[in-house]
Amino acid sequence: MSDRTTIILLLLPALLVIGVLFFGGLLIGVMRSFNYMPVIGLTTPNLDAYAAVFADPEFYWSFLLTFHIAFTSTVISAVIAIAAALLLRRSFVGRGLISFLFQLNLTVPHLVGAIGILYLFSQSGSFARLAAEMGLITRPGDFPAMVFDPYAIGIILQYIWKEVPFIGVIVLANMQSIGHDYEAVARSLGASRWQAFRHVLLPLIFPGVLSASVMVFAFTFGAYEIPAVLGANYPATLPVLAYRSYTDVDLAARPEAMAMAVVIAVLSAIMIAIYIRATRRGIRS
Amino acid sequence: MTRILKITLLATTVLTAPMAWADTADGSMLIGKDWDAVREMAKGGTVNWFMWGGADNINQYVSDYVGGILKDQYGITLNRVGITDTVEAVNIVLGEKESGVMDKGSVDMIWINGENFRTMRQGGLVWCGYTDSLPNNALVNWDNPAIANDFGVPVEGCEVPWSRAQFAFAHDSAVTPNPPRSIPELLDWIKANPGQFTYPAPPDFTGAVFVRHVFYHAAGGSQNLMGPFDQAKFDDAAAKTWVILNEIEPMLWREGKTYPNAINQLNELFANKEVALTFNYEPAQFGLAVQAGTYPDTVMSYGLTDGTIGNTNYTIIPFNSPNKAAAMVLQNVLLSGEAQLQKALPDVWGANSGIEMDRTSAEVQAAFNAIERHPSVVAAEDLAENSLPELQADWISAIEQGWITNVAEN
Amino acid sequence: MQREPLAIRSIQVISGLVLIVWLVLPLIPLAIWSFARGWRFPSLLPQAWSLKAWEYTLSDTAGVLDSLWLTIWIAVCATLLSILIGVPAGRALGMHKFRGKALVEMIILAPVIVPGIAVALGIHSVFIGLGLTNTVIGVVLVHLIPTLPYMTLVMAGIFANYDPAFEQQARSLGASPLRTFWHVTLPAIMPGIIVGGLFAFLVSWSQYVLTLLIGGGRVVTLPLLLFNFVSSGRNDITGAIAMIYILPGVLILILTARQLSGRSGAVGGFGRL
């Protein structure tokens, strides 16, 4: 069997599944967003749905909010994850426990974490009650609003809670396969701890950090259930908006939901392409 | 282990086209048939009943009590499917119709009313015309316009009532001994007590009906608003409504910068004393919440002097259900005096009957009259004295959309 | 190895403590709620305790246990399918160079970049036509969309470090392709299969929107039930279901923990997007 045939056979199932399910779904979504649904007799594509979406001020607020959530969560998680990996790669008391808890966290679904954060950080949640116990506040309204709030603090906290272990495990694996040698050499040549990290280790782990961050960004941008549990009502995040439109009893909202979905897909692809380009350039320089 | 096997078998049988033993997808054949024949055809069948699944007591009433009766007396299996929002079930039927699934639908029955009913009727998604065949249909008072019309849309034999409900407020008598008891009083109270009140954002079902109360107040009463949608009347009342709601916005919880997404969030706020008042379309919920420990037992519900809106909720059979006979039997059971009595018991549900209790048997009536409602639940008769009708669905959508545009986006 | 200075060691210990507490914290109120009968502000602990939430959750009516087995079954199916499809794809991407490789990589990894909901709305229509909505098989298929890329990524990473020389030796000694695979290839790539399988399982395990849209409420997995109850404000039942929901993941982790460290090289695959 020739090499080329082998390769094609190996890749065929995966390409088929993704091609049909993913790209097929995307294609149908695009078609319906243009109001093109032969099944129920709509055969003239038009841009009405897109016009409606782009004319709605909520769409822009929603995009800003979703971007803010994804960006802030990703950056903070990546920074903390690197710090945590640095901590965990050396032996110390409690290292085994923390490693185990990191991995444990990976198995806890986002929805559970979101509910937990809700119970902890709402104005009548555990932290608020602690504050009341300590006499810092008297009424729930006095406690700062961290869930259902315009800055999506609760949502970001939940993403940080889940993504720090995710990025951390990847970075840690990276660090362990890189080993200590490079830094040891740098230190022996007189570099300080920080310099060894910044100029030797960081560039080496950066591709892994980047890759993990891209996955985190894409996930946090497109997630539905976490903002549904912790998010403010207006503006809602883009996926929540799209889902609301799709399940609206008014059928005219369907193409709009599809249009939003297509916009989400395109925006994600663009943002991540920009992100990768910018940082790859950064690595090379 | 056997559970896994069971699920495996279930999964594989789902792959093959499901064949109900007594496939009764053809509705026209069932209409007019006598009841015993219907029961025979229904035997051995299954009913997939899609209903809101967020209440454990309702789930138990349906699955255990009603399901038990169906199994023991009729040989029918009841499959309760819990959903978060009724519109999910509507969307399933809609999607099936769009794809040409005409007689093997996955939904046999939906607990429904209002806008969802209108959507289904408009989309031709409902099976109609059979309700006279149900023996217990005689227990329903179809002369009552509030029952014969579902949010202003004539029922016309397309659905069967299950329970009645009427909007009521609740306060914690230990914290707020003198709550406002009418809409004007409420508006003044909000201004005098900033941060103590809010309402769920439409299109949440309960938030939307609260806004409708303000709408009625702005329009000077509900009389002018009855009947089909009138743009002029709507604009007039809506303009005043948005002014009122925007005026009180800064004095709401979180200064009105955000509203609770759904009624359960409002209930949380109320339980934790973040706000002083809550409300619900079904006052029985207050009793259940006190029993579950969610609210303290000083919580009391009450109606408004200027009236609160009432409605009926129904069950409906989609056009493409393959188990229509079994679904008919289920509806008949739900309408029976015994089932309505059981449902009215405070520690089961406390729901108001959808039938006329004085048309049932003497024992059922006696038991019904002997029910002591939960102290936190306002008496249905008291509420009924000031019952306001619901608007037709077009008004409702317009109000919801108007709220989003004029209040939320401000 | 030098002893770390005291300042650094203190930072390590303190950060370690903070991390431990932070990681466990959100799960605590859930556990407490499952035993609570009423827990209102400002009480630090529930006003009353009760087992009613657990009684309901474990009862037949609630369908929680049925849902548990169903969710496990779906996740196992999705994982197995991902392994069957992802291992060959990973081999092709990890071991071979060919024209169009970058394009193929982009195609297979596209679901990681584009959020599932964007595609699910469109897929819903396709599936209705195919009669796959409201079926378990439909849900398994749609779960493949997010799980397959992760599996492929991990396997590509493993295969990139894989030396085909051993296979060639075995073949030249007369072993059939099947025996070669079973005795030579499989043991070498097993760490990747385990890590990839774990991630695939977890991704399917936590799916909500895809299951809701395609399963149409007929396929009731645990996250759907959980969402039902959190939306209706029954925090006690929510807590109980949440406890049940995290259990299988924990169990599987305990069985596969060793593979998640860096020494197996499997996790490194994630650094190769």
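First chain written, first letter: the chains are A, B and C, and each begins at residue 1.
To be clear about the criterion, a contact is a pair of C-beta atoms (placed from the backbone, for glycine too) under 8 Å apart; a residue touches a chain by one contact, two chains touch by 3 or more.
Treat the numbers as computed from the prediction; the structure is a model and nothing was measured.
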item: Topology of the chain contact graph, where touching chains are joined (line, ring, star, complete, other); value: complete
item: From chain A, the most remote chain by mean C-alpha position; value: B
item: Between chain A and chain C, centroid-to-centroid distance (C-alpha), Å; value: 15
item: Centre-of-Cα separation between chain C and chain B, whole angstrom; value: 37
item: For chain C, residues that touch 2 or more chains besides their own; value: 40-41, 124-125, 129, 227
item: Per-residue overlap in chain B, given as positions that touch at least 2 other chains; value: 88, 91, 98-99, 265, 268, 272-274
item: Contacts with 2+ other chains: residues of chain A; value: 39, 124, 140, 228
item: Chain C contact footprint on chain B (complex, rising order); value: 3-4, 6-8, 10-11, 14-15, 48, 50, 52-56, 59-60, 63-64, 81-84, 88-89, 91-92, 95-96, 98-99, 101, 106, 262, 264-265, 267-268, 271-274, 292-294, 296
item: Chain B-facing residues of chain A, complex; value: 39-40, 57-58, 122-124, 139-141, 145, 148-150, 228, 231-234, 247-251
item: Touching residues (chain side chain C, partner chain B) in the complex; value: 36-41, 47-48, 50, 52, 56, 59-63, 65-66, 69-70, 72-73, 124-125, 128-129, 131, 133-137, 212, 216-218, 220, 224-225, 227-229, 231-234, 236-237
item: Chain C-facing residues of chain A, complex; value: 3-4, 6-7, 9-11, 13-15, 17-19, 21-32, 39, 83-84, 87, 90, 92-95, 97-113, 115-120, 124-126, 128-130, 132-133, 140, 158, 161, 165, 169-170, 172-177, 207-212, 214-215, 218-219, 221-225, 228-229, 239, 242-243, 246, 257-258, 261-262, 264-265, 268-269, 272
item: Complex interface listing, chain C residues touching chain A; value: 4, 9, 12-13, 15-17, 19-20, 22-30, 33, 40-44, 84-86, 88-89, 91-93, 96, 98, 104, 107-108, 110-126, 129, 141-142, 144-145, 148-149, 152, 202, 205-206, 208-209, 223, 226-227, 230, 235, 238, 242, 245-246, 249-250, 252-253, 257, 260-263, 265, 267-268, 270-273
